[in-house]
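Two complexes follow with subunit A in common, the first pairing it with subunit B and the second with subunit C.
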Partner chain A sequence: MNMNSLDPRVNRLPVIGKPGQIEPKATLDQFGTFEVFVQPKEGKPFQHEGIVHAPNLEMAFVLAKEAFTRRFMCVSIYVVDTRHVYTSPMTEGNTSVFEFIHETPAQPGEKISYEIYQLVKRGKQHVHAGTVQAVTPQEAMSEAKKVFNTDKVIYNLWAIRTRDIRFTKPEEQELWLTLPEKKFRDASAYKAGDKLTEFLDKQKNQKFYGN
Partner chain B sequence: MYGGGNTFEGIKTDSLAQEDPIKLAEFEARIERGEKIEPTDWMPQLYRKQLIRMIEQHAHSEIIGALPEGTWITRAPGFKRKLSLMAKVQDEVGHGQLLYSAAETLGKSREEMINDLISGKSKYSNIFNYPAFTWADSCFISWLVDAGAIVNQLANAKGSYGPYCRALDRICAEESFHLKYGHHCVIYLATGTKKQREMFQEALNRWWAPMMHFFGPSDKISAHTEVLMKWKVKMSSNDDMRNQFLDMYVPKIWELGFTIPDPNLKKNTETGRWEYTEPDWEEFKRVINGDGPCNKERLEVRRIAEERGRWVREALKAPKAAYVTPLA
Partner chain C sequence: MNELALKELLYKMADDQLILGHRNSEWTGFGPLLEEDIAFSSMAQDKIGQSYALYSILHALGEQEPDTIAFTRHADQFHNCILTELPNGEYDFSLIRHFLYDTAEIIRFEMLTQSSYKPLAELAVKVRAELRYHTLHANTWVKQLGSATEESISRLQHSLEYALPYALGIFEESPYEKELVAEGIFGGEQALKEKWKTKVEEVISQTQLQLPDWKTMQPIFGGRKGKHSEHLQPLLDEMSEVFNIDPTAEW
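The block that comes next holds the complex of A and B.
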C-alpha cells in the first residue's frame, strides 16, 4: 500500500499482511506482568509503582528502569513476577486488614524471608513495611500482624518471598547517578521568559514610535 | 491468593437494573465520600466497561500521538531540540504503557486492546488523524495539544478509579516538561524571523479546528453522561474543558501576536465564558469514523510494527508463563 506519507521512512515500510487486519494476538503475545518497586531516596522505604510486561525477570528489571525512573530521584528498584505476590483481602473504613489475618500454627519446614507491603491509605501505593521470617505466605501475614500491627488502619497486605525478587545489584546503582544531569527532561530547563518580555517590550515600543 | 487472582465476567448488559442494589448503594456512597475504587472492589458492569473504554482510548492516543511528533525527531532544528523531542516522545509511549496497565487491572488484556486498535474497533484521540506538515506543527502539538491533554488529565486525576488516578498523577508530573518545552519552541518561532512567525501562524490555522474538536462534541449534542459524572468516571463536561483551555491559552497565543482563525472567538465578560464559531461536528464524526487525512497511515504504521515484531515476541515467549491480572 502506498501511504503517501509526509515521512519518507513510512513510505519505505515493507508490505506485510493487509491493512486493517491483524491476526488476533495469542494469549501472552505481550508477555506476563511484573510488579515494580522503587526506592526514591537512601533510607526511604520502597514503594509499589506499577507494572511492566516482560518475557522474564531480567528484562522486567531493564524495562522497569526505563518506565519508572527516567526522572526524579531514585536510588534502587526491584521487580517480581505478579504471580509471586501473595495478597490479603482489601478492607475499607475503620476496618483493618489485620482483623482478617489469624495466627497460623507453627508450620513444619524451613523459614525463609518475606517482604511485607502495606496499604496505609486507599488510593495510594503499597509501601514496604519490613521483612519477616516464615515457612508459608500465610504465616508471613500472621507474622506481619505481630510485628507491624499498630493503631493505624491498614487496608491491604502483600507478602513477597525475598528470593523471588530481582534486586538492584550494588554495581547497578550507578544507573541513576546521571539522573540529575538529564536537565532536558525537566520543565525548569525551558525558561523563555526573558525572550518573551524582550519581544513584548519591543512590540510596545514599535507601536509607540509608530515604526 | 497469589497476585492478580481476580476473574471477571464478560460485559453482558449496560443495565443498572441487574446490579445488586445494596452493593450499588455502597459503591456510590464510597465515591461520594471521595474514596478510590480499587481493582478488587465490587463495581457495576457499566462502570467497568466505561472505564476500560476510556482508559484504553487514552492509552491508544499516547501511542498514536507519538507518531506525528516522532516523525520530526530527525528533522528537529539542532541537537538540543532533537534531545528534548526524543525525551518527550519517549514519555508519551511510556504514558501509553502506564495507561494500558491501568486498563488491564479492569480485566481487558493488552493483546485484546492492541487487536481492537488495529482493527479500528477502539478509537484514539481524533486530533492525531491530521498531519504535521512543518516543524511548527510539531511545536503546536507539543505546546497546545499537550495543554489540552493536561486540562483533561488533571480533571480525570480526581476521578474515582485508583489505578487510573495514580497513572495520571505520574503522567501529569511529566507533562509539565512537555508544556514548557512546547511553549519554549513556540516563543522561539514567534520571536524569530518573519518566515518563522509565518510558519507558526500557518500551523495554528491548520490545527485550530482539530484543537476545538479535541474536547469532544458540544454538551448540547453529546451523549447522556450523568451517571458517569456521578461515578466520577467523567469529571468535567466537554464544553467546560474547552472553555478552561481557551481561558488559559488564548491570551498566551494572542500575546505572541498570532491570529486565531475564528472571527467569533471572544470572551463574554458577563458570563465569563468563551464564545466561538460552533466547530464542525460533522467533520469530527467523519474523521473519527476513519475518513481523515491520516487515519489509514497511523493504523498501518502500528500494524506493520506489530507484524514485524511478532517473531521477536514469539522467540522470547516463556513457554510456562500464565497470564494473571496485574495488582494495582
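The block that comes next holds the complex of A and C.
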C-alpha cells in the first residue's frame, strides 16, 4: 500500500508488497562488521573509532570514510575485518593485562608484522602502540609485553596482522582535503545558542517597554 | 576573457550540482543501510556546497546572490542536464546516475584545474579532492553490485541502459565551445565526453554488466538550453518551499 505522509519523500518510496497478496517475510540479512581506525592528525597514532557493516573490505573502507570522518579532523583511516582482530583478556583497577600474557616460546614459521593496540583507560578507545614481528597472534601479544610494558596500567591489547588491513592509499590522502572548511557540518557553526539568546533578549525588552 | 562563455559554463555546472545534490539528499533517512545513508547524504551535501562555490564565483562576476539564483528561478532558467533532475526511483538507478555523472564531473574538474580563469582553476583543485571520494564510492558499489547476484546485476543493467542516453546529455554543447577552448577556460564537452567513455568502459568491464554500443545510443539533450522534463519544476517547488515562506530570513 502507498503511504500517505506529510513528507513528500515518503510518498515517493517504492510500494511494499502487493494488495491482496500475503507472503512470508524475507529472511533477515546483515552484512559482517569491520573495525575502523582513524588517524586524527599527521604524526598522531591511529585510534579505534567504531565499526561499519559492509559486504567486503573495500566497501567497508568506502563506508567508513563518511561514517567516522564526516566532521572531525582526519588525515587517514584504515579498516579490518572484525574476525581478524585478536583480543587479550580485559582487566580493571590496577591490574595490567600484561600479568595475563605469558611469554610464548619461539614459534616455527615465518614471522609477519602485527599492529598492536592498547586500551589505557576503560571506556576509551584502543590506541595504536606500535608494530611487532611474530608468527602467531599469541606470540605477537608476548612480543608486545616485551616492548610496550611500562609502569602504565594497560587494560586490553589487540593484535592485527598488518597484511589484513585496508590502508588509505597515498593518492587517497586528499579525500580529507576540504574537511576543515566544512563548518556547516558542525552544529556549533550555526550559533543556535547565540540566536536563541538574542531572540529571548528581544522578547524581554519588548515586554519591558510594554509593546 | 569572454564573460558570456564563462558564465554559461559556470551556470550549467552549478545547476547540475545543485539539482543532483537535492535529488541525492532525498535519500537521507531512506538509504539501503545506515552507513550508505550517511555516505550518500554527505556527498549530496558536498554537491550543494560545490554549487554554492560556483554561484559565488558568478556573484563576483555581477550575478545575483547564490540563494536568489538557487531558489527563485523557474525551471526554464536552469541549465542542468536532464539526467540530474530525473526522480530517484529505486537505489539501482540513483547509483548508476551517481556513477555516470560523477565519472564525468571528476574529469571535468580535472580539466578545469588547468583553466586560464584562475578562480575556477583554484576551486577545481578542491572539488576534485571531494569528487575523488564520490567516484571511489560509485566505482566500488558498481563493481560490487555489478558482479554480485542475478538480481543486482539485472537491476543495474536495466538502470544503465535507461540512464545512458540521459548521461550523454551531460555533454550537450554550449554555443561558446570554440571560445572556451580558444581562451583556455575549459577543454570542451567533446574532449570531456571521450575521456568519460573510456573511464565508463574501464569500470563496466570489471563487472558482469554489458555496455551497449555507443553508436546505438541517442543522446537526450535540452537541459543546457532550459528545456527540461516535467520533473524539474516540482523539484524546484519543493526545494524552495521553506525559502519562499520568508525570503529575507537569516539562517
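Note that in this section the second predicted complex is superposed on the first by the 169 of 211 C-alpha atoms of A that agree within 3 Å, B and C clash if a C-alpha of one lies under 4 Å from a C-alpha of the other, contacts with A are read in each partner's own complex, and residues count from 1 in each chain.
Heads up, the rule we're going with is that contacts are C-beta pairs under 8 Å (C-beta built on N, C-alpha and C of every residue); 3 or more make two chains touch, one makes a residue touch a chain.
Worth saying up front: this structure is predicted, and the values here are computed from it rather than measured.
In the superposed model, B is the one of subunit B and subunit C that contacts more residues of subunit A.
In the superposed pair of complexes, A:L13 makes contact with subunit B and with subunit C alike. When the two complexes are overlaid on their common chain A, residue A:G123 makes contact with subunit B while staying clear of subunit C.
Of the two partner chains placed by the overlay, subunit B and subunit C both lie in contact with A:F31.
When both complexes are overlaid on chain A, the residue A:Q206 reaches neither subunit B nor subunit C. Judged by the touch definition given at the top, the superposed model places A:A67 against both subunit B and subunit C. Judged by the touch definition given at the top, the superposed model places A:L196 against subunit B, while subunit C stays out of reach.
Once chain A of one complex is fitted onto chain A of the other, the partner contacts of A:F184 extend to both subunit B and subunit C.
With both structures placed on the common chain, the touch criterion links A:V52 to subunit B and to subunit C.
Look at A:T87: by the touch rule set out above, it reaches subunit B but stays clear of subunit C. Put simply, subunit A uses residues 9, 13-14, 31, 52-53, 55-56, 59, 66-67, 70, 182, 184-185, 190 to touch subunit B in one complex and subunit C in the other. On subunit C, the positions that touch subunit A within their shared complex are 26, 29-30, 33-36, 38-39, 42-43, 45, 49, 87-88, 90, 126, 128-130, 132-133, 136-137, 140-141, 144, 148, 238, 251. Within the complex formed with subunit C, the residues of subunit A that make contact are 8-9, 12-14, 31, 52-56, 58-59, 62-67, 70, 172, 174-175, 177-178, 181-182, 184-185, 190. By the touch criterion given at the top, residues 1, 3-7, 9-10, 13-14, 16-17, 19-22, 24-33, 35, 48, 50-53, 55-56, 59, 66-67, 70-72, 82-87, 89-90, 92, 122-126, 158, 182, 184-188, 190-192, 195-196, 198-200, 203 of subunit A touch subunit B in their complex.
The touching residues of subunit B, when paired with subunit A in their complex, are 1-5, 30, 35-36, 38, 40-41, 71, 80, 83-84, 87, 90-91, 94, 97-98, 101, 104, 109-112, 114-115, 118-120, 131-133, 162, 165-167, 170, 173-174, 176-177, 179-181, 183-184, 187-188, 190-191, 255-257, 296-297, 299-301, 303-304, 306-308, 310, 313, 316-318, 321-328.
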